[in-house]
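Report on one structure; see the data block that follows.
All chains are identified by letter, namely A, B, C, D, E, F, G, H, I, J, K and L, in their written order; residue positions are counted from 1 within each chain.
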Amino acid sequence: MSDHVYKAVELTGSSTENSDEAIRNAIAKAAKTLHKLRWFEVTDIRGHIEDGAIAHWQVSLKVGFSLDA
Amino acid sequence: MSDHVYKAVELTGSSTENSDEAIRNAIAKAAKTLHKLRWFEVTDIRGHIEDGAIAHWQVSLKVGFSLDA
Amino acid sequence: MSDHVYKAVELTGSSTENSDEAIRNAIAKAAKTLHKLRWFEVTDIRGHIEDGAIAHWQVSLKVGFSLDA
Amino acid sequence: MSDHVYKAVELTGSSTENSDEAIRNAIAKAAKTLHKLRWFEVTDIRGHIEDGAIAHWQVSLKVGFSLDA
Amino acid sequence: MSDHVYKAVELTGSSTENSDEAIRNAIAKAAKTLHKLRWFEVTDIRGHIEDGAIAHWQVSLKVGFSLDA
Amino acid sequence: MSDHVYKAVELTGSSTENSDEAIRNAIAKAAKTLHKLRWFEVTDIRGHIEDGAIAHWQVSLKVGFSLDA
Amino acid sequence: MSDHVYKAVELTGSSTENSDEAIRNAIAKAAKTLHKLRWFEVTDIRGHIEDGAIAHWQVSLKVGFSLDA
Amino acid sequence: MSDHVYKAVELTGSSTENSDEAIRNAIAKAAKTLHKLRWFEVTDIRGHIEDGAIAHWQVSLKVGFSLDA
Amino acid sequence: MSDHVYKAVELTGSSTENSDEAIRNAIAKAAKTLHKLRWFEVTDIRGHIEDGAIAHWQVSLKVGFSLDA
Amino acid sequence: MSDHVYKAVELTGSSTENSDEAIRNAIAKAAKTLHKLRWFEVTDIRGHIEDGAIAHWQVSLKVGFSLDA
Amino acid sequence: MSDHVYKAVELTGSSTENSDEAIRNAIAKAAKTLHKLRWFEVTDIRGHIEDGAIAHWQVSLKVGFSLDA
Amino acid sequence: MSDHVYKAVELTGSSTENSDEAIRNAIAKAAKTLHKLRWFEVTDIRGHIEDGAIAHWQVSLKVGFSLDA
């Protein structure tokens, strides 16, 4: 039970709505190809501005998953 | 008025809803035993993933309070 | 098209509602005097606590804009 | 002599005079309830400005003390 | 099951043996007064040198525990 | 009362006397053109050495001011 | 001989024994699918605590390998 | 001669050529409106990729100038 | 157009010529297997020295690419 | 005039008086053996506490000097 | 007793055995030429991998020693 | 072959030409007195500006060399 190994990949999700939604979009995308996702950690919160308002949010995160069979 | 002293403690709140709610949960918990809470600062935004979606958000924060009588 | 120059300023927005709204408030304020806003990056998420609850959120961000004519 | 354990708490002291005095104020306050204080380390030097001058200095520091009986 | 709140304290353990033992000493000390310890994270690995050899190791760590009843 | 927006600028003050005076010089200079200064935070403490002694101290700080009318 | 390109992946190994063993476990796992492993760098030393003692160590590391044919 | 005050602004220059040219472009732009530029410090080296090659380099830097009359 | 997801990988390129060439080599290598490369960010500039001169430059960078179909 | 080379050494000065005096002590000591000292930069401000008050201040700094003949 | 001055040098020790041994090797080497060694602090834990296993550990550390006569 | 010990010194090279040349100048200078130079790592890229253009580049780097006989 103890000697698990995990791998983390760095993703950036985006959303026109808000910062939490950008995170959810990145995880949903990752879940399509990576199974056994276990945790995430936000590393950067950014966004693009157009016409004086936020056009879309961009949140970078590390997503960890188990390498165990 | 000037020579106040503050102490900061490090908490991690969690929420199944979103990141801001995790912060509010941590502060609400702290407010039960610590009076004179004055400020907070987020130090980490994480979460656990189950079945390809966020099971709960975990936000770490420093919460500062006055040590004055 | 390539040799653009950008400037970034550091702002802190506040909101009684939530962290994303504090960001939007800072950008809306900046947009009144700075044109060609292009991006933002969050550098700090803080807030003030009164009576054991968040009185207002304070989010610091860098806001970048084009210096091109 | 070797297997001591220490705990560190994070304090913010303030002073209308100068930055060193803010540090001394925080330590004096801590010494009222914590015995066996051993060291401090400054983590942040800030202050409030009123009418174009420093109204009070605020210095954050970690203060370490022995947990040994 | 989801809205737990955790607190982290910062400790420094020491050992004449090695770095891992310094960590174990700090946790063993914490476990005497804090229940529901859940995790630790190393923040600093140091030591004192006497007569050209390591006299004792000093490892600082954050130790997290549940605030739930 | 809550939705204020602040801007921070980065200044470096110098002084032949000491580090606190370098901070005061930077703030005094800023106060001549910026009103509603609210806070400062030290980011760097440096200095120049001539003939084996400190010729002048140079302290960098962020100075925040209100953008509200 | 000079224009090599390397890729680094971020892994977390765990061990019930000690921190170095957690690192060895991560590298052993990586070596099963990645050839030409060249170096590692520790980025985080953590662990889980159960019943007041370390249940398992978790060490995060970057592992670099050659992309050359 | 000693009590000078400096201000630093954060710029991002770009270039299709190389990283040093992006720095020079940012400084040349700044020099058009800011006199008494004194120093710069690189804070970030980035770029955009198109068709598998660098389309333009983007280098962020702090540029300091004297506020003295 | 807004809900894109990107992935970043960490590469180290080398060159006997100069630092920018090491970056170009890493991106050229990545472009052979990864399509839709969008940006890079330098994280480390190093090199090996032989006989008192730089034998080759080694630059680490994050390279981001689109995960969209 | 332009192709100078400098070396920086890391020192820690101490003082029973205050933080600035600890810096001056370190520089005075360095000046006894190193000529052409040019600049310093503070990297850490610490101290030892005895009987609930600061026994001595310890400030770490980098001190740079010219290697030119 | 109070106005001591210390110098720190940055070393990297290596070992085929484990990380603590790499630290001990670096200190043993330093002790041959530097007297009055007082403390060390680990700054980096790395290593080389050959044939899918750790060939040797490389640990960087700052080692401080007294400059007093 | 494995238990080597290295020392790193911190240098700043300058050049009127470009950033890479400033690095080469620092290493060439170091090579005059230090043998067995093995690697370098850039820690800071700065420069002085005169009349609105870069007068000279200043690049700080750590240079490592073997302490083995």
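In this section, a residue touches a chain if its C-beta (ideal position, glycine included) is under 8 Å from a C-beta of that chain, and two chains touch if they have at least 3 such contacts.
Not measured: the values here are computed from a predicted model.
K.L.:
If you match contact pairs by residue number, which of G-I, A-C or J-K shares over half of them with A-B?
P.N.:
Match found for A-B within G-I, A-C or J-K: A-C.
K.L.:
From the centre of chain H, which chain's CA centre is farthest?
P.N.:
E
K.L.:
Report, in whole Å, the distance between the mean C-alpha point of chain E and the mean C-alpha point of chain K.
P.N.:
A distance of 22 Å separates the two centres.
K.L.:
What is the distance in Å between the mean C-alpha positions of chain I and chain J?
P.N.:
Here chain I and chain J have centroids separated by 38 Å.
K.L.:
I'd like the Å distance between the centres of chain A and chain J, where a centre is the mean of that chain's Cα atoms.
P.N.:
Centre separation, chain A to chain J: 44 Å.
K.L.:
Going by the contact rule already set, what residues in chain K reach two or more other chains?
P.N.:
Correct list: 9, 19.
K.L.:
Dump the list of chain pairs that touch, please.
P.N.:
A-B, A-C, A-G, A-I, B-C, B-D, B-E, C-F, C-H, D-E, D-F, D-J, E-G, E-K, F-H, F-J, G-I, G-K, H-I, H-L, I-L, J-K, J-L, K-L
K.L.:
Along chain B, where are the residues that touch chain A in the complex?
P.N.:
Of all residues in chain B, those touching chain A are 18-19, 44-49, 52-54.
K.L.:
State the interface residues of chain E toward chain G in the complex, per the touch definition above.
P.N.:
Interface residues on chain E, with respect to chain G: 19-20, 23-24, 27-28, 30-31, 37-42, 63.
K.L.:
Show me the residue ranges of chain B that touch chain E in the complex, using the header's touch definition.
P.N.:
9-16, 25-26, 29-30, 55-56, 60
K.L.:
Could you pull out which chain I residues touch chain A in their complex?
P.N.:
Listed in rising order, the residues are 2-9, 62, 64, 67.
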